[in-house]
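What follows is a pair of complexes built around subunit A, which joins subunit B in one and subunit C in the other.
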Partner chain A sequence: MKFRMRRLLFLAALLLAFLILTPYAIGYQIAFSDVVFTSGWLLFAIVLFLSSYNVRKKLTYPPLLKSSTWLQIHIYLGAASLVLFLFHTGGKIPAGNLDIALYTLFSLMVASGFFGLYLTRTIPATLSSRGNEVIFERIPMFRRQVKDRVEQIILQSVEESDSSILAEYYESYLMYFLSGPRNILGHLVRSERTSSRLRHELRGADRYLDARDKELASELLDLIKLKDDLDFHYARQGLLKLWLFFHIPMTLVLLMFLVAHIVLIYAFTGGAS
Partner chain B sequence: MRIPLQEIGHADSQYERPNQRWVCGWAKDGNPCKLGPDGKGRCTVAAQSICQPVKDGDRWVCIRSEVLGGACTAGPSPTGECACPPTEQHPCQPVRSLRAKRTRLTISAGLFAAAVLLVWLMSPNSLTLVSPGALSAAHLAIEGPPGLPNCQICHQGAEAGFGSWLSMIANQTETHSVEVNQQCLGCHFSETDESIAMNVHSTAELSEASPAVEQLSMLAGSTSFMLSLSDKVHSKPMPEQTQATCSTCHNEHEGATHDMKVMSDTQCQVCHTNQFESFNDGHPAFTQASSISTGIIFDHAKHQPRFDDGLNCQSCHRADAEGKTMAVRPFENSCQGCHEQGSQDHHGDAIKKNPVPFLQLPEMEFEDSIYWPTELAVGENLTPMMTLLLAGDDEALPLLAEIHDEDGAAGDMYEWFFILEDEDELEKKAELAAAIKRLVSELADYSATGEKDRIVRLTNAFSVDPTEPELQALLAELSAANFVMQMFKQRYLPQLEDDLAGDEVDASDDEELPVNWMASKHTSGWRVDSDEGAISYRAVAHSDSWLKTWIEMLGKSQGRADEATTLDELRSDIREKMLDELNGDFKSCTKCHSGQSEAAPWSATERLYDASGFTKFNHRPHMAMLNEAGNCLTCHVPKNESSDTSIAMPRGFQPHDKETCSSCHAPGKANNTCLNCHQYHHERP
Partner chain C sequence: MEEVSTPVRDRPKRWDLPFSMDFGNEAEQREMSLTQLNDLFSRKPFSEMDSSRFPASLPLESIVANDTRIRLYREGDTIVRQGDYGNSAFLILEGDCRAIIEGLDPSMLGRQSGQSKSLLKSVTGLFTNALAPEVRDSRLYPQHHEAPVFDPSGTVFVQDVPNILELSPNVYSEAKHNVIPEGSLFGELAALGRVQRSVTVVAAGPGTTTLLEIRWQGLRDLMKFDSALRDHINQLFRQNGLQGAFQTSPLIQAINLDEEQWDQLLAEAEFETFGSYDWHGTYQELRQRDGDLLTQEPVVQEEGHYPNGLLIVRAGFARMSRRHGAGEYTLGYLGKGDVHGIKELMHNVSSDDQSPIQTTLRAAGYTDVVRVPTRTFEQVIYPAIMKTWPDGNFPEKFLGERMERQKTAASPRRLSRRGDHRKEEFSGAPMMEFLAENRYINGTATMLIDLDRCTRCDDCVQACASGHNNNPRFIRHGETHDHYMIANACMHCADPVCMIGCPTGAIHRSEGGGEVVINDVTCIGCGTCANSCPYENIRLVNVRDKSQDDALMVDANKGKAVVKATKCDLCVEHHGGPACVRACPHDALTRADMSDLLGLSEWLNR
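Take a look at the complex of A and B:
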């Protein structure tokens, strides 16, 4: 099934569930039923299932569906849990300290989930616009290769021409640029200002270069572009990994607070009558 | 020219393992070892990178593989030892992979959250921290122990802390909401009402056959979508359910401004068989006239001539301090003007003050020598009051039961005598005479012994505790009447004390008093009749304390039948029968004072909050409804010749016209919700 069709179908199903559940929830509320206990336990079960996705990713056996299928279920069920959460809380922000903490944690979880979904849906497209696919873990190695090549070119320039323009340019601009990932925040907002400035400086010096240096400068321009693309991939792929540093630890925190919430509810209300 | 970011070549691509816990520390510089660290974070290259010199002829050569960096530059020493510098022997410091760092962060966050929660839940002010919200304004006033929140007042055991909360879950024998309910009932319902507090509408009587339900069932109103839905999801109608708890409707911890009593119109109608849209759309007309609401029976229609003479509503009614009810002014300010002037006043009849018989010696003849004033005792039956007092005597009780046996004498003394003769049990007559003599002796005894005997007798007779104020009042009245009883004894049974002491006495030896002790016909209400050999009492004035005390005592004893023993059952039965007979004697009181509970309400200011149990009304905001004449006829329409005679109108008013109410109580105008006029609880908590 095409992604767009699948997404439309899910949204339609979610809307339908909302339209059906809303009057039923109000109906139960009118009839003084303890619907809040039902929705609470259902929500807890969903959160447990959503949490198990990370466990599933670590398991190589047994083969419980493909990870991509799990991800789809994770996304759709996560969105559905938000609807259930609204029913459970009655759309109101609670007043108790622990409840406020739990409400905030769940909201942050859902928000980070949607943020992650947004990233996974937008970043790959932007990456493909800046070069071919590159494995995140290899980027430092390629960055090192670029740096080595640039240094070779600068040495060549010094040896083969009388000009020290490229060497000075390297010392003033490129050495820092090549020594690590640069313009991380700029790449997150698709800003090429840093590399543009570097290329602009090099082009500005072009008229002072001899023929050999011009050839080398041309290759330098390509390498600056390459390094900038690598940084772009590094920044954006890194963000894809970084948001999970919030989403996954927060899951465990949420589960802890959920257990405390359930204990307190049953201690102080005795559960559904 | 764009250079590819990554050259994918078999020989150039090394296998990345981001899922492993450890990676080469040099990876961040783009120059990782090819093998990387082992699973425990040890650099495998370091272990293998030391070259293994091999002797090739007479030379030592390094044979380290290309994977491990190839032959070292320096090569082995002449003695065959590795000559690599230490830095090359330990090329990297393995670092944790991103995934491993994330796992550590996750575990740390989880442990931190658990620690925070434990500190939170086990701290001294944990109750404040776990509270789901502030209490409502009314409950905020409930004070807990000094320095502690007041949680444990409702949640027993809450103050004991987190460990106790866990055991509260484990040890719950019934739902906690029911336990909390008991705390609610302690303040909001009387002890006697607690058993019915959680019934539907907090009443023991409401059932599907009750008038309120019946009336609603007769309605033919349209059913809204939400009501249909709630009917479907709520399979059991409320009356068939087990008792509801307070928290079913009243949600606490919603803040000081939260109205715990709020309930939607739809929720009201969920339980009723037929529903309607609103007060203005489908609510039934008011087909019943208001019944007693003040405790005073008053037919306004009968007093119509007085209204024509200038009497108006304010002559008898005045708004109470809150303006909620139109209270009836005291008797002295409203009724006395006509009803204490005697029938010669054409404005109204005097209150009838019929004498209420108290003591009368029944006519009995004995074959044996029994001390009894045979010639003076001419009563046909025992008076009800006398019977009630005799019922306090355990020995007399079986005799009374026989006299009032429906299958036997049925209260007729002569019939009982015939039965005794038939069954040859004439000694019972003597037993009855002895019981009556004991009663007379006790009533005439002004000593402390007599006082104590009367306490025991009344306690037994009415099945009430001696400390009850009603019993104390009756004792006081009997003590006050002691002088009349002494004269009675002196007149009819002058040798009673000797007789009771076991001496042989004869009624023929009784000396006639030199003066006619009956000369005073009205001794503070007491009336004696020498012909009948009886004492009766006539009310001295309105609010007579003797009659009032008896009515209150009887009201108190109603429903107090402790039927633990046979004697108790007999007493309860006797009381019921005497109550019926006394109703006639007390008619001069109960004609206007109607008892709706245990005792008759004497003052109209003791007005019941609600008129019908579920209906409430506040006069104050409706004062603007008074018509031009300034009276109350806009709403209170007197019955007339065209009134529907099938409707009981005890107060002389027709049922209220719903249109009068709905003209203002409508959408967009005045409040037209159910709770504006009705209250859920039959007895207001």
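Take a look at the complex of A and C:
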């Protein structure tokens, strides 16, 4: 099935659900029935179902639908839960510390969900269009290899030519650049300022280099590009992993607050009439 | 300055290593003695061969001395296994053999039973997976029950048939079998045609059965210069293989030939082989060389030439290309059962304006084709097509799906004119080029990852590991084209070259879906499969013993680590299909059958 068609199907299903549920909600309100309890329980059920996606991810067996189908349901049901949440709260910020915390948690949860959706739909294409495909866990190893090669080049330069220009360049600029992931925030906004400055400095020194150093400097330029690409992948792949460290643990906190909210509501109002 | 070179050694030549010395086991290596050679030349068919017909560069004596070897088998030993791929034929010198057509349990041939795990076992497995890598239960390995068996010739049989016969004394009565008498040749069709052995053959004694094993290169040369052998094998092929080859073509199946037409077709069809049988060995080397790989592939039928017959691919793959500027671009590829040249032949029968062949067909590695000569096509196939479809317009599906690409694949020029790049480019000529060039066309379950959707979350790797005792069976890494990656996962090839030469039959096709799987119990870790796999998708691992606190397993006699071959098994033991596909949250991963180009095209252009 084409993605476009799948999107249309899910949107149609969502619309259908709203078309069915809205008259019910209006009808209950007209009948002075307390729909807040119904919407509350429905919202709780949805949150519970949404959080079960992480459990499904861990359970490879039994084969319970494809993970991608779960994610689609997760996305559209998550969006629907926002509408239900606004209906449940009446669009107002509640009073009381617990309810305010719950309100904030839910809002952050939904926001992080949409943020994650944005990241997962935009970052992969930027990764496949720059540098070589690299496994996140192997990036430090490749970074070390680049660093080792650069250091070899600098030693070669010192040994084979009288000039110390490349060695000075290494000490002033490259050593820091190579010692770890750099320009992380810049890479998140696709800025190449750091590596561009490094290359600019090296090209600027070109007229002071002898033939052998020029050869080595040319290889250095390639290695700077390589290291920058590794940092780019590190920053962006890292962000793709990091947002889940926010989204998933917050689910558990939200569930705890929800349970407390339900207990308190039933303790102080006597439950639904 | 002129480069100075020093000769270090002779250039490698064909017979540097005679077949009789080509054994992993040193005990079996022995050159053919003069007495043995003289004995061979006193027997049929060698006694009837005219050595003067052989060229000086390929003398008959050298072929026999270098491309054959004598093998001794005890009564009941397995010589060839049904379903295996082999590269040699056998001539029975002394004793009889039995061909067991059906009735043998797969486990008797060193294979898995094909039973999948229960759902409960799959689920509980998630919680009981080992913490250390590659942990095995050594109690399942046969060496814990008995020492490996050595036969007088020094051959090791891990899964030897005498034991099976002892376990099942009435195996012969249960299994359907035929006796192959002394002096017979068998296994030649599987060796020459690169198809699976159709029967299991065991030595039937009495006593030791002596066989002459002839490797396929030698057999090919003997056939080339000895017309009697050629006619004999052609005759065998016509009797046993040709009709089967025709049956693989959807077109021939659809046109309902009568008995007389079949007889004419079988009598006049020719079979031809292009490319190298050992393509997997030379393919990596070819790729390292500069230049276009396409031009190094042997031409089967050339664009612009007279259509001298209808070609039906019997085994292997062929690349279909068309001239474009100074080069050629790949339109698609053909596999088993696909046909080439039919449109031109159909056109030429009904028109005075004769059309030459429109696309070049090249052997992508190795291609075995059946050629129906133009005259036979006009007399047999054309009338049958017109009888089935009176307007002559037969559905494209009868050409095989790959052939449909010829119609739908646009030339690069048309693509740019159409301006619909996104839709076409992912499954257009560059993608075909990439798939054919890297021989990914061989895959029936190739792991394809859309890098524009993949978030590198590794859920696929984790799911794979959880189904395999915490050991992932693939690496999320591999060759990329545009934003698609072919990951290092077993492709379950249509032509599984990894199965050639497995000494125990541990690597085999599963009973149910035909997945290429390894029986861990009978794998001896020799690495033949891993070395043969052109895609580097089989890994050898040191295994650990569950009963010894996950300590590395070591061979008690030699002190060497016990090694096993591992690879993706498409989760054949579990329910629900490959875990990697089910685990991908972003629909970025699929297992693509490269013979289904339309399905592939749909996936690429979602």
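Keep this in mind: the second predicted complex is superposed on the first by the 254 of 273 C-alpha atoms of A that agree within 3 Å, B and C clash if a C-alpha of one lies under 4 Å from a C-alpha of the other, contacts with A are read in each partner's own complex, and residues count from 1 in each chain.
In the analysis below, a residue touches a chain if its C-beta (ideal position, glycine included) is under 8 Å from a C-beta of that chain, and two chains touch if they have at least 3 such contacts.
All values derive from a computational prediction rather than experimental measurement.
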Clash or fit (per the criteria above) of subunit B with subunit C on subunit A: fit
Partner chain(s) touched by A:L155 [first = subunit B, second = subunit C, both, neither]: neither
Contacts of A:L264 with subunit B and subunit C, given as first, second, both or neither: first
Contacts of A:I20 with subunit B and subunit C, given as first, second, both or neither: neither
Residues of subunit A touched, compared between subunit B and subunit C (which is higher): B
Subunit B versus subunit C as contact partner of A:L8, first or second or both or neither: neither
Touched partner set for A:T120, first subunit B, second subunit C, both or neither: second
Touched partner set for A:K241, first subunit B, second subunit C, both or neither: both
Which of subunit B and subunit C A:S128 touches, first, second, both or neither: second
Touched partner set for A:Y61, first subunit B, second subunit C, both or neither: second
Subunit B versus subunit C as contact partner of A:D222, first or second or both or neither: first
Subunit B versus subunit C - smallest C-alpha distance in the overlay, whole Å: 5
Subunit B and subunit C contact sites that coincide on subunit A, given as residue numbers: 133, 135-136, 241
Residues on subunit C engaged by subunit A in the complex (per definition of touch): 119, 122-123, 125-126, 451-457, 459, 463, 466-467, 476-477, 480, 483, 485, 574-577, 579, 581-588, 606
Contacting residues of subunit A [partner subunit B, same complex]: 23-24, 26-28, 30-33, 94-99, 131-138, 140-145, 147, 222-223, 225-226, 229-230, 233, 241, 244-245, 248-253, 255-257, 260, 263-264, 266-271, 273
Partner subunit A, residues of subunit B touching it in the complex: 1-6, 16, 18, 23, 27-32, 98, 101-102, 105-110, 112-114, 117, 120-121, 128-134, 155, 158, 165-166, 168-169, 172, 174-180, 225-227, 229-230, 232-234, 244-245, 247-249, 253-255, 264, 266-267, 270
Residues on subunit A engaged by subunit C in the complex (per definition of touch): 1-3, 57-63, 66-68, 70-71, 119-120, 123-125, 127-129, 133, 135-136, 237, 240-241
